[in-house]
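Before we start, here is the structure in question, set down as structure tokens.
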């Protein structure tokens, strides 16, 4: 048992090394005096000071994060409700049709999504800018949320819902007391996936943006022809560290509050 | 079980809650699909035609691309599944599950293009992998532009999308079921095979869809890492939308891709129904 | 449920924080601007100090948007969601945009400094007399090799790419026009050929190149060559200049059969909002001092004769690989807009080449 535990720890270690290796590589070269990610010549913080002086870049980062946060939150809400709806649809044909419709945007390459959204926006005469970008990001993030939430719903114990109803719970109570608490893992995954989709997207954003609004992905891709400077590495490093801090901070706060909660319960229980 | 389900659904089908989702389907799924179908029936001069679809089905190039797309999407899915399942299982046993979950997703927040560039640096002739191979006496190998490197990097990108739903599914399993299995004398392997695996199938299916479907239309990595040695339908669509600007042909391939995806999902969900019955 | 509420609170707090930062930055950057000028350009394709100087001089606030390919840019401009005042596309796209009436015909009296431009560039087939566009940068297509693996003078022509000893040694740029074009030139034809027999011949010739090709890549070709992943690559002169500053073993060759002459020019789209500002920007960029700063920052060849003669580093300007003598300009062909039918023919040829 201890032996297999050791092996499993080693395996996990290997997987996480693989996941973080390219990122450490980027971080390492963000301190490179030479201009490329090839040979490390000597240590410098020059790229970092460049980032901090580049007002335009910083504003792009802010816009990118805003779009990602807003769109993934809205997509998670709509997607979760949609998944609950799909789960309770009784006709299996309708259910299948909904699921198929759900997956269409997942399989469509970004250029197709981007260009058809652009056509859509211009057809109805919608002004391109931050709103069209946010709307598009919500649109392409919804299906991944549904995909993440559905399996948790399928595991949901039907008798629990029945019991709640028998006890006189109304719809809202069933939703908030029974269904939602049991699918939080799926909701969280959905939210983070949607956030990832939003941050990574280049093609859709490119087509539907306008009037000076840009996201980081669009900026990075359009720099590719000139060669992406290590300034972008430095920026990514900063963002990476910030999100690490956020993740750990969030985790410890929630751990702490859980412990407090437990203590309180223990006290009142006595 | 099934009866119960439909009974509940009659009461619970709350159209108001689903309204935004349905609106989304109408505005951002059906409307674009309509545009896509419309465009696919136009030639470059804007006249009505079936020539695009004929061109697809009579072209060896497109058909072999379709085959390659499915082959590689399948391989990527398989590789990520094989790596993810054990990792997800072990992760659910660890103490700080929530923290690991977030650490899993964190690498996906770095721009894909940058990560691909990092892989170029790692796998290149003068990269760390080759330096290591040189050091241990194997000698430098051509790693980039091979099917292996393409699979490796694509699987890397897709890995969290497979791992998350599986992790969720395993951690939702009622611990008492596992305990019961142990009490009945099943060893760890038997428990995994007979209890955990069947009960986490929903998560696996979710992960397979989240990886397989987008992998069908991968295009950037095929060029960056694969050096255009693997050409998928995603590349063709990209070409038609951006280089030749023949949106009609691009839309046609897009629709074919969507139809093929429906067929694949249909096939896999049939299996699921059968398995679901046998599990009940 | 409680966790969900917690998460929502965290997100809301973050959104508010970011909105506040955005507000603060917008306020501090828009220093009583008298108007805006929207520029649409390739990413990182202008010396940022020039934008600051231009803003200071004119009081205009510059909005700088970026694109990553001519075709994607074209779609955006044609759909007209945003009014761009200055766009910097490549020559074949300019020709197409002129044909489709997307560009504003320039009023020469409003532009200062057209006489600084190289004479030969004023009468090019895609825009004779620079009625619609003003050259920004230019260059050629050629071969870059690494002298660790390839001896000097081993490669002088397109034909050399076909040498059997280079099996699995070439990196090609992922562009149908470029690869079909260089094959046509190698066969002694025009790279704008629409002659079926010539194209058939090119197709056969291309298929014999396949064994030498290691990979077909795009912008990342720069990274690959610097890291010495392959000894030989086909690339644009501007990219080559960048690679050579990063790796001293690399050398650029302008093939003797001839090459493509490419341009990125400044144009004003029809729906521009700030015409005066656009003219001011073009004149600003034509000033030899500014053209010099920009050429030094980007590393591409400048079309500004005065800058070349008086300001730019002599060593660079005298390098015939990057500033080739223009008296045999016939050797250097500019892409023409092929029209939809032949764009597809070229692309199908290239796609088949890639598939085998």
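As written, the chains take the letters A, B and C, and residue 1 is the first residue of each chain.
Keep this in mind: a residue touches a chain if its C-beta (ideal position, glycine included) is under 8 Å from a C-beta of that chain, and two chains touch if they have at least 3 such contacts.
It should be emphasised that the depicted structure is a prediction, and the values quoted were computed from it without experimental measurement.
Contact topology of the protein chains: fully connected, every pair of chains touching. Here the chain pair with the top count of touching C-beta pairs is A-B.
The centroid of the Cα atoms in chain A and the matching centroid in chain B are 16 Å apart.
Distance between chain centres (mean CA atoms), chain B to chain C: 35 Å. Listed for chain A are residues 37-38, 115, 119, 188, 220-221, 224, 250, 254, each touching two or more other chains. Touching of two or more other chains is recorded for residues 117, 121, 126, 242 of chain B.
Residue numbers of chain C whose C-beta contacts span two or more other chains: 72, 75, 218, 220, 223, 227. Listing the residues of chain B that touch chain C in their complex gives 44, 61, 64-65, 116-117, 120-121, 124-127, 144-145, 223-224, 226-229, 231, 236, 239, 242-246.
Taken together, the chain C residues at the contact with chain A in this complex read 1, 3-4, 6-8, 10-11, 14-15, 18-19, 21-22, 25-26, 29, 38, 42-45, 48, 63-68, 72, 75-76, 79-82, 218-220, 222-223, 226-227, 239, 242, 245-247, 298. In the complex of the two chains, the chain C residues touching chain B come out as 69, 71-72, 74-75, 171, 174, 176, 214-218, 220, 223-224, 227-229, 340, 343-344, 347, 351-352, 354-355.
Within the complex, the chain B residues that touch chain A are 1, 4-6, 8-15, 17-18, 20-22, 24-25, 27-33, 35-36, 83, 86-87, 90-91, 93-94, 96, 98-99, 101-115, 117-119, 121-122, 126, 156, 159-161, 164-165, 168-169, 171-172, 188, 199, 202-203, 205-206, 209-210, 213-214, 216-217, 219, 234, 237-238, 241-242, 247, 250-251, 254, 257-258, 261-262, 265, 269.
In the complex of the two chains, the chain A residues touching chain B come out as 4, 8-9, 11-12, 15-16, 18-23, 25-26, 29, 37-38, 77-79, 81-82, 84-85, 88-90, 96, 98-109, 111-113, 115-117, 119-120, 138-140, 142, 144, 147-148, 150-152, 154-155, 158-159, 161-162, 165, 171, 174-175, 185-186, 188-189, 192-193, 195-196, 199-200, 202, 216-217, 220-221, 224, 228, 232-233, 236, 239-240, 243-244, 247-248, 250-251, 254.
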